[in-house]
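See the structures that follow.
In the two assemblies presented below, chain A is common to both, partnered first by chain B and then by chain C.
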Partner chain A sequence: MAAALRNVTTYDLKLAAPLALGFVVFFITPLVILLALSFQADPQGSHYGLTQYVNFLGDRFSLGVLGSTLWLGVKVTALTLLLGYPVAWLHQRAPSWAKGTIMLLVLLPLLTSVVVRTFAWVVILGRQGIVNASLAGLGLIDTPLKLLYTESGVVIALAQVQMPLMVLPLITALSRIDPNLADASSVLGSGHWRTFRKVILPLSLPGIVAGCLLTYAAAITAFITQSLIGGGQMLFMPMYIYQQASTLQNWPFAAAISIVFLVAVLVVVSIFNALGRLSRGYTNA
Partner chain B sequence: MLLTRRNLMQTALTLGAMHAFPGLTWAQARPLVFATFTGSWEEAHKAVLVPAFRKAAGNADMVLDPMLSVDQIAKVNAAKNNPPIDVMLHDPGPALQAVAQGLVEPYPVDKSAHYKDLIPAAQEPSGPAPFFQVVGLTYNPETVKTPPTSWADLWKPEFKGRVGITNLNSTLGTGFMVELAKMHGGSESNIDPAFKAIEALRPSLAAVAANPGQLATLFQQGQIDISPGNFNAIQILKARGVPVEWVAPKEGAIAFKTTIHIVKNSPNRELAFKLIEAALSPEVQAILMEEPYLIVPTNTKVAMKGEIAKALAKDHADLEKKFVFQDWAKINEQRAAWIERFNREIRV
Partner chain C sequence: MVSASPSSQASSRAASQAAPRGQTLLLDGITQRYGQSVAVNDVTLDIRGGELVALLGPSGCGKTTLLRIIAGFLAQTKGHVIVGGETVDGLPPNRRSVGIVFQNYALFPHMTVAENVAYGLDARGADRATQRAEAQRMLDLVKLGHLGDRYPRQLSGGQQQRVALARALAVNPSILLLDEPFAALDKNLRLDMQIEVKRIQRLSGITTILVTHDQEEALSMADRVAVLSQGRLEQFSPPTQIYDAPDSLFVNTFVGSANLLGGVLVDFDRGGGRVRLDAGGLIETRAPKGDLLPGARVTVCLRPEHLRVDPGAEGVETLNGVVEMGLPLGATVVHEIRVGDGSAVKVAEPRLERGLLLAPGTPVRLAPVAPRLASVFAAA
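== the complex of A and B ==
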């Protein structure tokens, strides 16, 4: 009697009900309200239409803000990957006592608040900050460089602040690679560089994609770091939304910007996901 | 009693439950909620205003819930019939918005003991002004040897790359722009000259801060040497040992009324009135005028003393002469357009 046996490989979906309920009440509902709000033609809600979207999409300034925000994410993600990969690689190769230390160093930033980490960068990048003081001390510059309130400052600070999001998936991906593969590759005559390019890098692709996805999403929405390091002149989407919703009380336009931003991010995320699927195919091949 | 694991757990759970469900211990309606501003405002209100209110209201419960003006409006707007806030505190711009959106109960002027003692500019029937904020010039005395005397000094060549301003999201930034417009022949309804002036200021700008609080950080980091600044914010920095000084420019310091309002449909109207009365009373205003708060009093029964008398005005008549008040009803009409224009034009 096969029917009497409980199938232990499937799980009751009811277990997910509390989370699903929370998801519906606290995420789906507000999102629907946001969408409805974005179709109001004016803040009073006297009539509905696509006015807000036309205003945003027909405006080169607004599109510029969206573009620069998405581009900021790309730059931060690239820098984080460049700096984070060696750390993950080091972790993978280190003796076990050092592994714990590296892991602690990677996790340490997560234990302090983003505001504190960002303020540290204000101190580092300032005119009398560590960077300018050391450069001046070495006699390399006469007048302090402007680092704070510049886009490069924002990219550097965001890359550090979001670093754990990149390094942790990379460590996971790298530690799943069988160390024998690298040995086999060198026995077969490959140098270190070729082994890295042909074996390690392809096998760690899922980790790279996951890390990039997390870093990207965190970087473009990082309201605090963007405004503290970027200042009042650099306008990115989170600040644009805040300005419209809070200072100007123009909720419909703010809602429309949020939806446009959400869609743009979803597009980027699906590109990452497609890359991730490709990379899985690559790994299994 | 032995401290066993079991009764420790029990106590912890009970305390936890009381925290999670405050209704267990709180049978009556919610306490009075006063949405003050964050930072030094909250500190001053917690230390002086709350005790004074408790004394006047027979130890009634009250909660300080500090947040920005715009957030107060958003929260009350989201629940007009059962507002989560009883007393709001507003800068002039948001105050007019709140009144226009019908979120404010008119102040019971006839019942008030202190209303008639306020200086005329502070007597607002929609909500009186217990405090002023004053904007003048802030500078670093270590790098700026001759103290500035006029807004026009910001354009001096020696301050090239050393000037800080804020964008128009803040009352300070907007008020400063209006003052610039007035200096160059404009007004609250003609802001063009201010934008031209800022354009000319661009080579001097070291930073455009996202909010006035950031200006403080920028002074601390030596990123800027001179900027428009709020008198109170600078006193706090000074007290922490940062080399900053504040002067009123000869054109007159910009003064903003900070008004206090009873929220419409508040369930605690009586207590809200008592809190506002306490804020208007000469006793509270006299203490708030002293170090470290240095809040400008609006009650004429309070004699100006100390740093305020020295840096701002020796009495209330002097104050009305030296302060510049702006027409925020006119400013609000076009503020959205100005913010938009600032976004577009003042880019680096």
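== the complex of A and C ==
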């Protein structure tokens, strides 16, 4: 019996081996090379040291780029949560025929390329775009609003592009909540808002945490959307790294920024994870 | 339950002392339609304050729909819900003052037991100290005073149910609704909890509606039982009357077991009737239900304990048959008898009286243990 169980375990590990190998070759190894590269003092690699990190951390411009990137993620995540929660809630409450339609609409953005979606936003937000044309047509504005190449434009576009990453975990979390709980809360004297605040929201926390984590990670690393909607005026970390590596051929500095960015993201992710663990205690009924 | 007048006096005295809050509940001509289908069809129930009424029926009979209408989750198509003389039709669930114990208890998993019980008080704006004191009082009532700091998942099924009951009662509701509350419990625990719920209901004197598909549960717990079938109220009577004097063939067969025998109504008056059975023999019955004339085709319902087996004594005007099988079931023995028209009749007798089982193939005569026990309905 014990031997049989042991066999099953080793068998399972063998099944994971191909993926593990790929992971080591294509992720761990480049990461180690990246780390090594970041300790080169100059692009030629003549000697090693902390020069690149000192350069980055001592440079207000670089720190500004890091800060605005992390802050962009916060804004996108907040907007996505704000817009996504009602969609997930609607899906939960909808009759079964409508659920399919809502799910399709949520998933639809994933079926088109992110480049296509982003160019759509360029068309929508541009000076002659749909938003400005409509507002001008209604006589609400005289001169076109500047939406494209602004941070607000980037936030809006990113929120739409990453929406499925927020909505799907929320739908999962909400569908796990026993519908009787809302009924119980209601007969005990709670109105809709109190039921939401005291019962639904706390119990959907795992979904909120998971959705925020995915959205945040996707938003701060969204090279294409950030660059196309943001244009040349705004610089975020992915573009900064790209410029240093490709345009300026300063590989060690690019590597050092990457590592700093990675660490910053890991810190944010661990905060989210800690929140997730806290909230999980809630729900395992 | 039927005979003991001193005990009923005692219980009514206890109810009046412990809680003056038993509100009357009148369901007045409730109808609920979903598109073309009718889930509840013109049901009227006049429930006394402090009474425990069971809504009994198979799944899909409309009992859960009725419960949701009383709670305010559903707005009925027609009719009125009147609590303590006041119509509550327009009120949402949170303003109806009902308590519900759900089948799966629906305890809030992210709150402690005490927080669960205090939830309704908090919603009503009670201060912290009152909440804590009242939650403790309710938990003491259900004998869980020491578990207030636990989370629901740390409790057993029976304990979770007690918490659900305490939570429902903490807000001092006018009506307590129990939605199949014992279905998830195993058999021994179920009996304990039934006794416990009955005790607490008596103690608090709260008008209680028990929704169940379990006839034993309905008969043992309720003061009166409302039997529902396909959205219609079939009968609303005390348990013994439901069992002994069913109003319809459905009630007769759904509650307890019954042998159905075809026959022709010979004659009848108010006190009873006589039916000539297709299987042979003339049997004295209760007065037939419905508009029946002598000569009508009828179905006679005989409960297994209404009959006695007389071996080897075939008569002329009697129900004769042959033993197919005998089963000793603890206190009773059950014989299955193949009678004249080919149908099988089950007969249950006390084992001490019957003695040995009858061998298959033994010719027997079936006699009623007393006249006028069988019910008669128009043939289906």
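FYI, the second predicted complex is superposed on the first by the 269 of 285 C-alpha atoms of A that agree within 3 Å, B and C clash if a C-alpha of one lies under 4 Å from a C-alpha of the other, contacts with A are read in each partner's own complex, and residues count from 1 in each chain.
What we mean here is this: contacts are C-beta pairs under 8 Å (C-beta built on N, C-alpha and C of every residue); 3 or more make two chains touch, one makes a residue touch a chain.
In this text, all values refer to a predicted model and were calculated from it rather than measured experimentally.
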Have a look at chain B and chain C on chain A after the superposition and call it: clash or fit. fit
Determine, under the contact definition given at the top, whether A:L19 touches first (chain B), second (chain C), both, or neither. neither
Output check: A:L138 vs chain B and chain C. Expected answer is one of first, second, both, neither. What do you get? neither
Please indicate which partner A:G231 is in contact with in the superposed arrangement: first for chain B, second for chain C, both, or neither. first
Name the contact category of A:N250: first (chain B only), second (chain C only), both, or neither. first
Superposed model, angle subtended at chain A by chain C and chain B (C-alpha, nearest 10 degrees): 150
More residues of chain A are touched by which partner: chain B or chain C? B
Name the contact category of A:A184: first (chain B only), second (chain C only), both, or neither. second
For A:F61, select first, second, both or neither according to whether it touches chain B, chain C, the two together, or no partner. first
Which partner does A:L111 contact after superposing on A: first (chain B), second (chain C), both, neither? neither
Between chain B and chain C, whom does A:V122 touch in the aligned arrangement: first, second, both, or neither? first
Superposed on chain A, how close does chain B come to chain C by Cα atoms? Whole Å, please. 48
Chain B and chain C contact sites that coincide on chain A, given as residue numbers: none
In the complex, chain A touches chain B at residues 61, 119, 122-123, 126-129, 146, 148-150, 227-228, 230-235, 239, 243, 245-250
Report the residues of chain B in contact with chain A in the complex, numbered from low to high. 68, 70-71, 73-74, 97, 166-167, 169, 206-211, 214, 217, 221-223, 335-336, 339, 343-344, 346-348
Which of the residues in chain A come into contact with chain C in the complex? 178, 180-181, 183-191, 194, 198-199, 202-203, 282-285
Please name which positions on chain C make contact with chain A in the complex. 71-73, 92-96, 98-100, 102, 104, 106-110, 119-120, 123-124, 152-153, 167-168, 171
